[in-house]
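What follows is a set of structures to go through.
In the two complexes that follow, chain A is the common piece, with chain B as its partner first and chain C second.
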Partner chain A sequence: MLEWQDEQEGITVVRLTEESLTASNAASFRARLSELAEGGRTRLILDLANVRYVDSSGLGALVSLLKRIGVKGELALCAVAPAVMSVLTLTRMDKVFSIYADRGAAVEGLSE
Partner chain B sequence: MQLLVVEPDHSQQALLGAMASQMGHEATFVRTGEEALGVIEDEPASTLLCNMDLPEMSGLDLMHLLRQRSYDRYLYAILFTGRDPDVAYLDALTAGADDFMATPIRRRTLDVRLQVAERVLRYDDRLRATRLRLEKANSEITQGLQEASRAQARLLPAPGRIPGDFKVDLLFRPANFVSGDMLGTIAINNACMGFYAVDVAGHGMRSALRAVTLSHTITNQLFLDTVGSARPWAPGRRFVPDRLAALLNERFVEELDTDDYFSLMCGIVDLEAGEAIVCQAGHPRAMIMRQGGAIEWIGQGGYPVGLLSDAQFVSERTVFRPGDHLVIFSDGISEAESPTGEPFGEANLARTCAAAVKDGAPLSSAVEHALETWVAAERFQDDVSLLIVSAGGKHA
Partner chain C sequence: MIERATRSDLRIAIPAEHHHVPALVAWLDRELAPHCPQWRYFQVRAAIVEAVNNVVSHGLDGGAPDQQIELGLRIAGRSVAIDLEDRGRPIPSDKLDSARLPDFDPDHIDHLPESGFGLGIIAAAVDRLTYRSGSGRNCLTLTVALEDAP
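Let's look at the complex of A and B:
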């Protein structure tokens, strides 16, 4: 479900391999990413390039992670598909998350 | 065990009967396959002992017929014959027998074979008992869900009993018995009516419980205390639906968990002022169908409720006159997918409503029909809710 790669300055890029983030996988997604953060990876970029659809449970999981990780670290999103972006815009979450066009821009953005 | 023995020869019957009863089994005897078929309907035999060489219908034919029929419990079948056992054995199993014996049948052979039968049937009994328990539990759960579904439906606005000059039409279809969506209307006076729609994250029982809690939380009093500034109601007063969203957010937001947040669309239609004021909080934007058929949308997006403690909410206003329709819908409608994964979308909703208005048909049933056609399935994947507010009467 998740693949990650450590980058410069303690940044980790996590790629979601599944095509959707919904009620069926949101809980395990949240648990896996929390584990990563508790293991010390607290500057996270979530690469959503594969994800075509996020439902309300998926959005809840993203915000919950932001609340948990955002206290002592960072959680940014990148490569957000248009359909997912429209959910973030509808719910104003585009104002809450740092969102980058791609991995490169996100790593650069967090390194600044 | 109860044995049914199909054996044409009386002396063989007697021999088998004697051995079976020494082993503690009870045997019933018939001489032909036809008799066996008749007896088996009423006899509770669990094991069949059948000679393959019968006068009319053969043992193999009998076996074929028995396996085509369905009985409450499994019939364990052992065929026997004096013919070449290497060939007959395979024929017997192919015809549906569970086991095979060559004659003459020895006591020890019969005893072991019947022990195998007992073991298999005991297992079958246990499976059957488990299945019955599951069926009973399932029917109790289903019945409970059906009652819960009816109880939730009773909390919805009753279109026939809307006071004042308003008309309300709605569509409410839980994905599975109970819904994480809820709809409500608040009667204020003949010219003013409040409304809300919520959609709790996720679906199923947990979301439904939260949705029902919300519908009890948003009382007429709470609505008036937040959306209006004071009572008694004065004409021209400014309504502020965002205060209801803010209050609910304060009440339901949790420190870290986000499991029970919800989207909300609440507002008011004020015919005296000729306007509708809405607060969109994570819910899809609302559609306004003008009397002439023009379509407009209201809502620039907004935070859902119960997700972030510092979320700010805003109200938006638009002209609303008799003959206009305000259409509020959950994402179960706009995101309902066709078999190829294409969402129903706002454009289809607008087209469907425009066509229904032109035909003078109720919007709710037109949308329901269009959605069913779109998803090409009997059930919707997500909870579906639709609330349509329109006005007539002396304001028309």
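Let's look at the complex of A and C:
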């Protein structure tokens, strides 16, 4: 469900290959991302281009990852679909996450 | 997955398990989305997904493949009513009455909530929410106006 690619300056871009982040897959997503973070990848960009919708479990997994990375790293989202953005806005999580239009903008943003 | 339609009503039934939710989402994309402004549709779809998840996770202890969750759409003029029927444990009335999104300070990451969004999303996304329970059957009705984007 995840593919990742190491970029410059310790940044890793993680692409979700499934079209939703929900109660069905949030636990495995959380576990896999935690492994990456504990393995030292703490400057993460989540590329959500394939994700058509998230539910509260998916949202919780994103927040959990953000808290796990905490101040020792960075987490950004990119290529967020309108339906996903709608949930982030409704829950005010759009004020919490750094959100970029696409992967290039996110890499540039975290590199500054 | 079972679909049936009668005049202005559209109905679907899915097995009460999380992995059947994508089929419901696909059906909503086909049957409900054309009637709604996009911003409204995404919020309503999120509310329906949360309502189904709530039945599966809390009403049926994680899922019951032998049970069905039925969803009906009643589209009339500029509003739509969504009926969600199940035979799981009812939602406690105090939880529905107090349903709201968690409050938090976006600058305090350590204190961000990781759960408790489900019923709040439902309450925030719709204009009216009613719930009836009796004879082993529950029906959650979500009503939304289909006005243009604010």
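Note that in this section the second predicted complex is superposed on the first by the 112 of 112 C-alpha atoms of A that agree within 3 Å, B and C clash if a C-alpha of one lies under 4 Å from a C-alpha of the other, contacts with A are read in each partner's own complex, and residues count from 1 in each chain.
As a convention for this text, contacts are C-beta pairs under 8 Å (C-beta built on N, C-alpha and C of every residue); 3 or more make two chains touch, one makes a residue touch a chain.
Note that this is a predicted model, so its numbers are computed, not measured.
*Asks:* Assess the superposed three-chain arrangement around chain A: do chain B and chain C clash, or do they fit?
*Replies:* Once both complexes are aligned on chain A, chain B and chain C clash.
*Asks:* Could you tell me if A:Val96 is touching chain B, chain C, both of them or neither one (first, second, both, neither)?
*Replies:* So A:Val96 meets both chain B and chain C here.
*Asks:* Quick one: is A:Gly109 in contact with chain B, with chain C, with both, or with neither? Answer first, second, both or neither.
*Replies:* The answer is neither, since A:Gly109 touches no partner chain.
*Asks:* Looking at A:Ser57, would you say it contacts chain B, chain C, both, or neither? Reply first, second, both or neither.
*Replies:* A:Ser57 contacts both chain B and chain C.
*Asks:* Between chain B and chain C, whom does A:Pro82 touch in the aligned arrangement: first, second, both, or neither?
*Replies:* Second partner only, chain C.
*Asks:* Once the structures are superposed on A, label A:Arg68 by its partner contacts, choosing first (chain B), second (chain C), both or neither.
*Replies:* Touch partner of A:Arg68: chain B, not chain C.
*Asks:* May I ask you to name which of chain B and chain C touches more residues of chain A?
*Replies:* In the superposed model, C touches more residues of chain A.
*Asks:* Give one of first, second, both or neither to describe whether A:Ser20 is in contact with chain B, with chain C, with both, or with none.
*Replies:* After superposing on A, A:Ser20 lies in contact with chain C but is clear of chain B.
*Asks:* Identify which of the listed stretches of chain B (5-13, 23-31, 275-283 or 293-301) has C-alpha atoms clashing with chain C after the superposition.
*Replies:* The overlap with chain C comes from chain B residues 275-283.
*Asks:* Per the definitions at the top, what is the overlap between the chain A residues touching chain B and those touching chain C?
*Replies:* 23, 55-57, 59-60, 63-64, 67, 90-92, 96
*Asks:* Going by the contact rule set out above, which residues of chain A touch chain B in the complex?
*Replies:* Going through chain A, the ones touching chain B are 23, 55-57, 59-61, 63-64, 67-68, 89-92, 96.
*Asks:* Could you please specify the touching residues of chain B with respect to chain A in the complex?
*Replies:* Going by the criterion above, the answer is residues 199, 201-203, 255-259, 261, 263, 282, 284-285, 301-304, 307-308, 311, 331, 382.
*Asks:* Which of the residues in chain C end up touching chain A in this complex?
*Replies:* It comes out as residues 18-19, 21-22, 25, 38-39, 42-43, 45-46, 49-50, 53, 56-57, 101, 104, 106, 109-110, 112-115, 117-118, 120-121, 124-125.
*Asks:* Could you list, by residue number, the parts of chain A that touch chain C in their complex?
*Replies:* Touching chain C from chain A are residues 19-20, 22-24, 52-53, 55-57, 59-60, 63-64, 66-67, 70-71, 82-83, 86-87, 90-92, 95-96.
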